[in-house]
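Read through the structures below before going on.
Two complexes follow with chain A in common, the first pairing it with chain B and the second with chain C.
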Partner chain A sequence: MPKTQSADKAQRAGEGKIATLLMAPTVIVMTVVGLYPLLHSLYLSLTNYNPTYGDAKEFIGLANYVYAFEDGQFWHSILITLIFTAASVSISLVLAVLLSLLFNLRFPGFMILRTVILIPMLITPVAVGITWRIMMMPDLGVLNYLMGLIGIPPALWAGSSSTALLSVILVDVWQWTPFMFLIIYAGISSLPKTPFEAAAIDGASPWRMFVSLTLPMLKPVIVIATLLRIVDAFRTYDTIYTITRGGPDFATDVVSVYLQRVNFRFFDLGYGSALSWLTLIIVLVVVLLFVRLTGFMKLVADKENR
Partner chain B sequence: MSKPKTLRPVLQGLGAYALAILATLFFAFPVFWMASSSLKSELDISQYPPVFTSFEPSLVNYAELFTQLDALDAFINSAVIVAMATSLAMICGTMAAYALARFDMKGKEVMAFEVLSIRMLPPIVSVIPMFIIARTLGIFDTYWLLAAAYGLAGLPFVVWVMRVFIQDIPQSIEEAAMIDGCSRFETFWRVTLPLLLPGLAATMVIVFMFSWNEFLLASMLTSQEAKTLPVIAANAIKPKSIAWGLASAAGVMMSLPVVVLVLLMQRYLVRGLTLGAVKG
Partner chain C sequence: MGIQIKNLVKRFGSLTVVNDISVDIKDGEFFTLLGSSGCGKTTTLRMIAGLETPSEGKVFIHGKDVTYAEPRHRDIAMAFQDYGLYPNMSVFENIEFPLKIRKMPEAERRKKVEETAGTLGIGDYLGRKPAQMSGGQRQRVSLARALVRNPKVFLMDEPLSNLDAKLRAVMRTEIRRLVTEQGITTVYVTHDQIEAMSMADRIAVMYKGDMVQVAPPLEIYDRPATRFVADFIGSPPMNLFSAELSKGGRVVCQIQEFGQALDETERHRATQMADQHGHFSVGVRPEHLQCVAAGTAGSAEAIVELVEPLGQTTNIYLLSGDQRYIVVTDRTTVEAGDTIGVIAPREHVRAVARDR
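== the complex of A and B ==
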């Protein structure tokens, strides 16, 4: 961005201090409540702090990190989290695009249906977990009953290690597809009409129009929605904790659930801090990769300079 | 986007309606199931085949929420904590957003980075230091701790989104007021703020939603006194016996305020949720 003063920022003489004053509370809160705990946790990660053995802690250098690299359970949880995130986000994305195309037909009554579809993203995640756990009960659950009506054999859902991960992915897709749908629908409805009319006159098929017009024009919106979803899916805790607590057989042991166990069951806070920092770095790498691959920063910059 | 006219518009229309209704059923059914389970007696809830509508609705579960789970205390806790966090984030955040939008400032990139990184930070990472600091300061299991944590989580979001909303208001309107003799503050109060209200409300609803629904920090940073609604709802799930009706009733009670508020604010929601990047 050019460094000259833009028209939207006319500043009057003697107002330099006002800006600083206005910023001060935010900067103070972010430093005291945000930055300081983070640095504190970095320090803890270099100690063997465990309050069950008293408050004494020893500085042990990088030992926690070395140990973490050999901690199969941790890497297992990272892998589960990556699978969970990739599956949930991509399924939601596809569903959301399809729903947006469908609802963009704007038939009478679609607006009410669209509003109803938004509700899942507003339900408290703990409540979502509770509800799906009730519905997925293998013996009394309504899902197995409904599947029986159309001739599908009953499933164990979250009760079996082979289907548990799929079950929690289903729940996540159910809760967060509405979020992506809301955003992508907004994107689709603000697309200009002329290119589509021109393509229709040229005899382009609907599929062709979708691939060569809709998708490219929607890219910024899709990228933003996906990025936000990746970040949130990576830290999913509430629903999985209420449905499976990471089980059975650690099949749904995502990293948040594993860290909760290390920290608050075993109170291994030094080691837990080290794992937290590793997790943070992994999230950063995933996000940076995504940002690189999609040119996200360029999209943002284009928006700023529009 | 307009669809080309085809020879079979009626059939296609019917197909579209069928798909739309099917999709809506998929997303609505669990919500219906939660609401109906909350109104079922213990007997009705464990029936097989499950009963869909033919049961005697009762408010027993809602009554038990208050007698068995101390829902009233939790509701008050939630309300106080969320109100504190939301006001903290909204007041500080809007001030900072105004500075960023209207004054030339250094460090804008740093700000952007902070916003995104706090948005990315898995809460499980900050929970240990918060736990330790809270114990040292003696504020573990109090309103202050969760209010500060949620305020922090909401703050960068507010700064970012409000900056976009403020930029949408033309500077020239403010200048006109200032030429007429208003001070900067008067201008903000009388001219900018009224125009900002819809954006403010939408941002506030989103911050409210995140804090109200938050469970991870709440479950780890409270034990007795400051328990919030999601924590007591999760307590209804015990390893051996699960009080399904009770848990569903807690779910409905938690979710209802958010659903109502957000559906009222739909118009500006997209703008807020995408950090201002997508216009709704």
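== the complex of A and C ==
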């Protein structure tokens, strides 16, 4: 048999090594920039490390974690974050579904409008924060001016502890609804047409079609978009920091802003690491709850079986 | 009353897809729209269903003008080529859906669904999702969903074209039986002539947006009005030979022996259908031509190019002059290269219009 057509046993056995070889760069990079810092922060969380007091650190066991459970400021910021996430994600979800339905009517000119609508998510969050901060200024801001034109009394926006959280939710909704819209619109436009025609002939009203067909068929897409947004909203930092720095009166002190303060203003790195790990666990619990409640894994399995 | 279509036109931009169609479909009739893809048959059906709005013309269902009515106000049922099942619902929920919309009480609904599913042989699959079923089963579900509400009008858009040949034959008779039993007026779109021939009370052959012939299946087969119909129906199709009416009413045909075989009636039809130059076609079905010994009186001489034994029948490909045509016979001893005579029996020679 000619040599070109056959490989000997050693050559075939060597094929297994190719997979290892191909994975090596990723594994190495991820270990250096991902796994090592993660484990190192876990180690730091068990010490009282604070570089402003010099390089020395003591191993103090779970003391940081015990202290965290009594840290009202931390739990306050977790609560604010949960409210912020829940409100922002659900509002932008509803808006995105409505927008997708509207754009799916495919009126002329919608193509351009669809592109314009995506712009907010392309802007740097810090720029978004600065722009909105200026627009929301109670005295000089354009929002109060516009509201004045139609007779609505001026608001304090981010300047008052009662409306600050609402204001940053508004900005987050404005920036990230396009992202939800993009995913859900893609989902809606790829739905098969005949079930809807069949439903029209079966006598279903448009509302009925939406409830009985559109929403159930869109569920996988909606669940994925929402999951991504939940994770994303949980770690929101730049817009809120540029608009309010967590204030006034800690009304917008979301967990990422608080963590930044502990870690990089007070440089209480040991305690900060412990808080970061607690936050990670809380996010995981939230995500797992969401996955469980929506039957996400089943949706994925169904999709693969098709 | 059935369905009446009056001067229906559909344009997409500058493209005319359906071109001034008028037809009366009788109550309880099984009416088939037959044509190759792009001929406008599906568009016509969708205009009856209300899924497309006509550019011109009117549609009446049971005497009511429904031209611009929404589908849900037409009281029709429809089966789609890709079934159009609701993927998020089980088979039971799929069939139940139209009843639920009509607010039928639950016990009655369940009874109706089970009864219809039983008739269609899908009673055991009610708990499944459409994705877990085969094509044939899915089509049964879609038929069940249509039939469960006892529609007066049933529209079907190539419901069998995604099934394999054997299943298609079974479903053909089944559909025909179901709609005839219930006396449902049916409009059935297909590109498959066998489906059209075997199921329809009447066939409308469509070609480039025109309805070129509307007649019962056997009439379409025996007396195709135009060249397109002759060529489209029958496998192998009808042999066509170009012919001309001379001033004196004499017929000049490419194969003169066949032209002379036209009887009085056909000759008369030829005078009516010939174009302004007197051109028309002489048509003979392959199974009607007879092979005889070369030189027999009244026969045309032909060279055998190819013999194709198919078991039940045999196709003989012939060449006379520069005209190729086909004869279908029983088993034969004729071989490629032989010279034989071909006779066209008088009662089977037709005049066929050249245009369309």
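Note that in this section the second predicted complex is superposed on the first by the 286 of 306 C-alpha atoms of A that agree within 3 Å, B and C clash if a C-alpha of one lies under 4 Å from a C-alpha of the other, contacts with A are read in each partner's own complex, and residues count from 1 in each chain.
The criterion applied here is as follows: a contact is a pair of C-beta atoms (placed from the backbone, for glycine too) under 8 Å apart; a residue touches a chain by one contact, two chains touch by 3 or more.
Keep in mind the model is a prediction, meaning the values are calculated, not measured.
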Combined model on chain A: chain C and chain B, fit or clash: fit
Centroid geometry (CA): angle chain B/chain A/chain C, rounded to a multiple of 10 degrees: 80
Partner chain in contact with A:197 - chain B first, chain C second, else both or neither: both
First (chain B), second (chain C), both or neither touched by A:208: second
Touched partner set for A:294, first chain B, second chain C, both or neither: neither
Which partner reaches more residues of chain A (counting touched residues only), chain B or chain C: B
First, second, both or neither for A:48, with chain B first and chain C second: neither
First, second, both or neither for A:216, with chain B first and chain C second: second
Contacts of A:132 with chain B and chain C, given as first, second, both or neither: first
Which of chain B and chain C A:160 touches, first, second, both or neither: neither
Minimum distance between Cα atoms of chain B and chain C in the superposition (Å): 5
On chain A, the residue positions that both chain B and chain C contact, one per complex: 197, 200
Chain B contact footprint on chain A (complex, rising order): 5, 7-12, 15-16, 18-20, 22-23, 25-27, 29-30, 33-34, 36-38, 40-41, 44, 99, 102-105, 107, 109-110, 113, 115-120, 122-128, 130-135, 139-142, 145, 174, 177-179, 182-183, 186-188, 190-191, 193, 196-197, 200, 206, 214, 220-221, 224-225, 228, 231, 234-235, 237-238, 241-242, 255-256, 259-260, 263-264, 269, 272-273, 276-277, 279-280, 283-284, 287, 300, 303
In the complex with chain A, residue positions of chain C that touch it: 49-51, 70-72, 74, 76-78, 80, 82-89, 97-98, 101-102, 131, 142, 145
Touching residues on chain B, where the partner in the complex is chain A: 1-4, 13, 16-17, 19-21, 23-24, 26-28, 30-31, 33-34, 37, 46-50, 88, 91-93, 95-96, 98-105, 114, 118-133, 148-149, 151-152, 155-156, 159, 167, 170-171, 175, 178, 184, 209, 212-213, 215-216, 220, 229-230, 233-234, 236-237, 242, 244, 247-248, 250-252, 254-255, 258-259, 262-263, 266, 269-270, 273-275, 277-280
Residue ranges of chain A in contact with chain C within the complex: 192, 194-195, 197-205, 208, 212-213, 216-217, 219, 302, 305-306
